[in-house]
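Chain IDs A, B, C and D follow the sequence of writing; residue 1 opens each chain.
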Amino acid sequence: MDLFDFISPLDYRYYGRDAKAFELLKPFLSENARIKYLARIEAVLARVLAKKGLCSKQIAEEIEKASLLVTAEEVYAEEDKIKHDIRALANCIRAKVSENAKPFVHFSATSYDIVDTANALRFKEATEKTVLPALLELEKTLMAIALREKETLQIGRTHGQHAEPITFGFAIASYVSRLGGRIKAIENAKNNLCGKFSGAVGAYNASSLFFENPVEFEKEIMLELGLKPSVSSTQIVEAEPMTDLMHALVSCFGVLANFSDDMRNLQRSEIAEIGEEFGAKQVGSSTMPQKRNPINFENVKSFWKQFMPRMNTVYLDQISEHQRDLTNSASQRFLPEIIAALVLSAKRLEKVSAKMSIDKQNMLENFEKSKGLLIAEPLYILLAFHGHPDAHEEVRKLALKALAEKKPLQEIIKKEEALKPFLKKFSEKQLEIIENPEKYTGFAAKKTGQIIEHWKKELQLN
Amino acid sequence: MDLFDFISPLDYRYYGRDAKAFELLKPFLSENARIKYLARIEAVLARVLAKKGLCSKQIAEEIEKASLLVTAEEVYAEEDKIKHDIRALANCIRAKVSENAKPFVHFSATSYDIVDTANALRFKEATEKTVLPALLELEKTLMAIALREKETLQIGRTHGQHAEPITFGFAIASYVSRLGGRIKAIENAKNNLCGKFSGAVGAYNASSLFFENPVEFEKEIMLELGLKPSVSSTQIVEAEPMTDLMHALVSCFGVLANFSDDMRNLQRSEIAEIGEEFGAKQVGSSTMPQKRNPINFENVKSFWKQFMPRMNTVYLDQISEHQRDLTNSASQRFLPEIIAALVLSAKRLEKVSAKMSIDKQNMLENFEKSKGLLIAEPLYILLAFHGHPDAHEEVRKLALKALAEKKPLQEIIKKEEALKPFLKKFSEKQLEIIENPEKYTGFAAKKTGQIIEHWKKELQLN
Amino acid sequence: MDLFDFISPLDYRYYGRDAKAFELLKPFLSENARIKYLARIEAVLARVLAKKGLCSKQIAEEIEKASLLVTAEEVYAEEDKIKHDIRALANCIRAKVSENAKPFVHFSATSYDIVDTANALRFKEATEKTVLPALLELEKTLMAIALREKETLQIGRTHGQHAEPITFGFAIASYVSRLGGRIKAIENAKNNLCGKFSGAVGAYNASSLFFENPVEFEKEIMLELGLKPSVSSTQIVEAEPMTDLMHALVSCFGVLANFSDDMRNLQRSEIAEIGEEFGAKQVGSSTMPQKRNPINFENVKSFWKQFMPRMNTVYLDQISEHQRDLTNSASQRFLPEIIAALVLSAKRLEKVSAKMSIDKQNMLENFEKSKGLLIAEPLYILLAFHGHPDAHEEVRKLALKALAEKKPLQEIIKKEEALKPFLKKFSEKQLEIIENPEKYTGFAAKKTGQIIEHWKKELQLN
Amino acid sequence: MDLFDFISPLDYRYYGRDAKAFELLKPFLSENARIKYLARIEAVLARVLAKKGLCSKQIAEEIEKASLLVTAEEVYAEEDKIKHDIRALANCIRAKVSENAKPFVHFSATSYDIVDTANALRFKEATEKTVLPALLELEKTLMAIALREKETLQIGRTHGQHAEPITFGFAIASYVSRLGGRIKAIENAKNNLCGKFSGAVGAYNASSLFFENPVEFEKEIMLELGLKPSVSSTQIVEAEPMTDLMHALVSCFGVLANFSDDMRNLQRSEIAEIGEEFGAKQVGSSTMPQKRNPINFENVKSFWKQFMPRMNTVYLDQISEHQRDLTNSASQRFLPEIIAALVLSAKRLEKVSAKMSIDKQNMLENFEKSKGLLIAEPLYILLAFHGHPDAHEEVRKLALKALAEKKPLQEIIKKEEALKPFLKKFSEKQLEIIENPEKYTGFAAKKTGQIIEHWKKELQLN
């Protein structure tokens, strides 16, 4: 099988050729992994059957052992014959056990008792072992940048326009916070994933043949797996817990995309406040040898564009007719791709952020350009505070004047007789800010510290 | 203004002409409501300024009183002049207070301190006063049906095919459960909505001019409003709490859509197990006088198709450049429509469900059609249990035979010599089910009761 | 009815308060318009019935006259009674004609013969009278800017990085071209909208009672209306022609959004190459009196975020069970909103573009910043042309050196002995470009002229 | 590389294991194919350079030959070193040619001259060689069914309710027509795909160094490839032609999904009018041996749910900043998956449709159930025609009576004195339909023939 004969760029480009990503994700997201999880559920079923006295402990052990040996390859070969994937799996296990054990393979289960329970477990563990670590790594890197740069003066921008000063660390802290919130949301969502063991139409028809309380039987299987049982189920578990997990992942992706957009823009030739590290042999453009492009941030934004819309599929898959139709089957097989894309993006961002160069000089120069106007805000508020009845309108006009005369507002106001009585009332500290707008960063540095503290505690990162 | 000159069907058809819906939703979702909420934040700001000693209590009262009087009409008229909506609001309040009070209107605030805080409050209260009551009403109606019909035999369907028997009440209970889950999700999400008072770029630049701890000042305002402050903010609050609320609403809509689809299908001419109530004068078709169409269920599905994709907009709005751009402004103005649509749909479903006719006779007749085959499942499981080494395959072949000979499987198996040794081992209860598949409803009735109990407790409906 | 009691921002804010937009769009997109179009189809039906001899000419005239008088208000009042909108319309017409004429109102028609045909006509005319004129107006404005600025030097940007020089007119011309392409696509799509007159299930059951060739009868009705008949229909016309129109509109919206994004970015404080005109009394920020925000471009982007995802609804509405279900009914009522949003956005862009200020000085200054590096491309290509075996790699290294030494590349290369043999071969014109990169604008100005010519011809704008 | 180590179900399940699909799609959709197409453009560039006299014919031949030899594997290995994919490709070609030829590899081109042109060609040929043949095969199969069953009585259904009779062939013909329309749309769209050769910012900066008319040079390259040149381009071709192709594909997918839904529903246990063929060894359910599920139709619907929402990505990718950003790069790499999914679905539908069993007996029985009521439509129309002033309302009431008394409407009307004067006027043919509603199929059979004729001609299938 030649890797480059494949169609999915995830496979041939982003995952298949990245040895670390491959090792990390394969145990959860590959088809081999899926089959392993399915077999694991069959094994646990046998174990609980034995516990409940339906079969002997020996039989259960036989089945457990056989389940561990099953491979995707043989299951697919069997499916080719009988056209049913879970019956194929059962057949493969059956082929590895004694005649006595055979009847207890998949005993009383319907396919989706296995499939949905396996998926809940698989997505829970994939989240724990791949998504959360990658996000926490990124979170820690961003925290470090935020703390390191919490005093680094930067002009704050709204509408792409210079607004009021902040610090670069403070700007990063807002991503620490948003990412922290998503990490919590993902944790909650993965903990709510549910399995089921209620049979073909959810009414425990088959298990009721053997158990007084089939709901208890279901609960025991879930207990073994560390999963919640679905409060109610049909042939399938309720769609909403998986929908919530996908929402948590996709909305987390949105935060990464926003961060990427910001960094891309800060890398614009005219702004040049940050830079992606560039390899010595790296080529920026096939034709423009001088180019240094924000390709990693662009890549993450592009991934988001590919994967965000897949939430529509997830919402469509909430709908399944009566005790279920199968129209969510093929579509759900693509869900692991969302996880892979998010993990790859988080890792990429972590790597590029950790090595990101920060150009404090350019930050200062950009700030200087607007220095003369941005005191308009504190000026109008202080004038108002000191009794000016129409401070906003007054300052708005003076700002226009400053613009027209290309002079700093500080200079303009000194000549305004009408302002003098108010300016006199300004405290020393207040006057200092008007004269030195670089001091008008408010609570930026302190708030940065508070935000980091908050999330260190919430995420238990101390 | 002629209602029918409008473009939005929500306005001219679904909300504008339904007096009850109009009265219910107007205080939260109309533009008048939006302006009232904005003014309410300005009022609370003044109150807290006074508390903190920035202005006198008298001034605060003046501003509070003025805020209550502001109307959308005058704010819009002012906006037409100055092209800025929140400054227009501030001007309208300023025009109603004394010279002394004027400076303290909107004091130290940036527009989005007001806008985002007002929206958080508005959406929280809209959820509490319109969404949750409508959903709980529907939930209670479904609970009643589930309990009433928990013993009503119905054939369970997977892939649109007869599978195993359930009860109609059990089928409804699965919607009780999914809807219950969404109600909890919506409650959580609305409680997480956040306000902010951190100024133009989120760094408390302006409020730092007056307060040692501007974060405390922000907290006090939120306390007055019963809102959480955003852990971190830029010009705007973090996008994710609103994103989560919208997800909760849209995924709840998905449950309503699934329920509607099921009911539509049960109303098919060939199935005819349930029916929408039909008015004596109601016309089903402009040309087919005999028609009785599931128009209410169709309407809810159609609304879902219109509103579900709007989650894409919500995800797109997570991205705002730097300390914010304005590209989420117009798009967010449409968010109240999602709430309106969900409330209207829940109310419609409640109404139609409460009066829905249930045709037990047809349910029974439909069940009877498959009676002869659906024992294949218990038969194969019991055969396996009693030692048959290849029960599934054996029964699969017998089922094919039964189909070919058009005889019930019960009859077929009696002639199979090979099965006799196994059938002998069947207990009386087990044989009874093979003979009377209508008894093969498993735990359906009991589970129905458990599900209702669970959600009554969770939703405190006792 | 108070305008501000409504929920849809389209109604209360963007359309309802803009007298010109209101007058323009009302005749096509309002509910009154919808009813008028429905009645118009009923009128034409009567006319063709008379032509075919089914009823007298007098009866047809009576019905036509009555149809013109019907108002939305009375139709809705009747619908409230009988719960069927099209039968309500028929009743309203019937109430206005003689007993003899009554039977021929809506004769042999099913509701969707009327509804779908009316919608096809309405959307066709709305496109012709509102969408295309607005887009062509914008197209002409962009053409004028492109031609005016076709020699205005601007740095071309890829990845937000300075790349090679272009002219501002050339940059605008690319939008002229893309918009031109969408105008053609919209024209094609609206011409393909189809009506139908094939009855309740599309098989001409009813009309076959009276006509040897009911397909001919359908064709005559469409001929009267200037519409194509659907090649095949069920109760409804084939979904795809409307889907195509919506795609054409939404993909046109994408071009407007891209243009808006570009203009927003060119307005960044650090770039400042263009500016939205700003009213003398206009307020940029409620708290920062100095701000000048790109609010119009932001608004268009925001509208696009709201309306682009509605294509999902359109795609969902392609699916209708059997001879149709009604789940596309409510959702399709929202389609006029897409048209309204596009027209409002095109008009807004036209207005802001026509008055947009262009700062050639800043364009030049921005270009100057990269002047020293951007000759890397022509240099490497010319070196290659003159026989250098590894020119790209060579120039890449020199560019890094120039960056490190903060010297222009022109200066660096003069000291490179190894390059001398190749540089000697450069023609005078080639050397001139290396020395004066502002001349390296390639075919920008000429291509601008060609693009404008092409689209003037295609769109018949001469 | 183990197939089952992959993540994308497209790769490991639907394409990678289906030898025919693999052979069909690999030459267009695999990464190997992508690299081959890129190299092909480099080859044609050299050829045209020679034609224009920039290099010798011998050099061009050298480069062409080398281009044919390049493999994905070596390009990726080189990219690993230099981090730029197209420069890597150029290096791989360069490594295979003489020193003299080296400078003319990729000469004057920018990466996206190659990438976008290669994609246009690749998607054009993939459409011609894989999409259109698969769709036409399906179209022919549906045509054959439509013609074969054009007289097969079936009840038409609207809202899932029995409406008026049609024929099964007629129902299929509506899919023939809609699919025919999409085939035409896809043909048009693929013919409009454009290439470009306008350099790094679209202004022909580099090619202008060598050509008086670089637009001509671009045109010649496209001519060699059988592609249109983009009317205007930046670094990339205009986004809209590819957007249009994707819309055509996705909207075609919608037709397949609708067809699948219909067939699924006709397979419901209670309807049972059609059936998927079932293998002798095929297992329907892991636990219910009797099940026969519409798994192929479900699969196609499920694929549509996964791929339809990807149009959002396509619309998002219309937006690229200034002369381009790279945020469409990764996302566009996924476009071939849409083609693969559509081809696989069309082939699956063709296969299952060709062998679909049609149960005319059940169709008749279903029809019989409503026979007694469905004459309501012709009855009311004929009564109206014969002068009854309020026929619809009259018949509506009689239909309710028939329902209540469980008698056929035919019987009810005979007892209505008031109707007698009108019924007397009925012609023999008209009375025959009232008595024999199975004859009330209108123009169904004839129209079926007309539709097939129309599309045979349009698609040149004769």
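Operating definition for what follows: a contact is a pair of C-beta atoms (placed from the backbone, for glycine too) under 8 Å apart; a residue touches a chain by one contact, two chains touch by 3 or more.
For clarity, every value in this text was computed on a predicted model and none was experimentally measured.
Between subunit B and subunit C, the least number of touching-chain steps is 1.
Counting C-beta pairs in contact across B-D and across C-D gives the higher total for C-D. Centre to centre, using the average C-alpha position, subunit B and subunit D are separated by 34 Å.
Taking each chain's centre as the mean of its C-alpha atoms, subunit C lies 24 Å from subunit D. Residues of subunit A in contact with two or more other chains: 87, 90, 108, 157-160, 163-164, 199-200, 206, 264-265, 283, 285-288, 293, 295, 298, 308-309, 311-312, 325-326, 377, 381, 392.
Listing the residues of subunit C that touch subunit A in their complex gives 155, 157-164, 264-265, 267-271, 283, 285-295, 298, 312, 366, 369-370, 373-374, 376-377, 380-381, 392, 395-396, 398-399, 402-403, 409.
Of all residues in subunit A, those touching subunit D in their complex are 1-17, 22, 25-26, 29-32, 35, 71-73, 76, 81-84, 86-87, 90, 106, 108-111, 114, 199-200, 206, 264, 279, 281-288, 293, 295, 298-299, 301-303, 305-306, 308-313, 316-317, 325-331, 333-334, 336-337, 340.
Note for the complex: subunit D touches subunit C at residues 54, 87, 90, 99, 102-104, 107-108, 156-160, 163-167, 170-171, 173-174, 176-178, 180-182, 185, 198-210, 214-215, 231-235, 238-240, 243-244, 247, 250-251, 254-255, 257-258, 261-262, 265, 308-309, 311-312, 315, 318-326, 377-378, 381-382, 384-385, 387-392, 430, 433, 440-444, 447, 450-451, 454-455.
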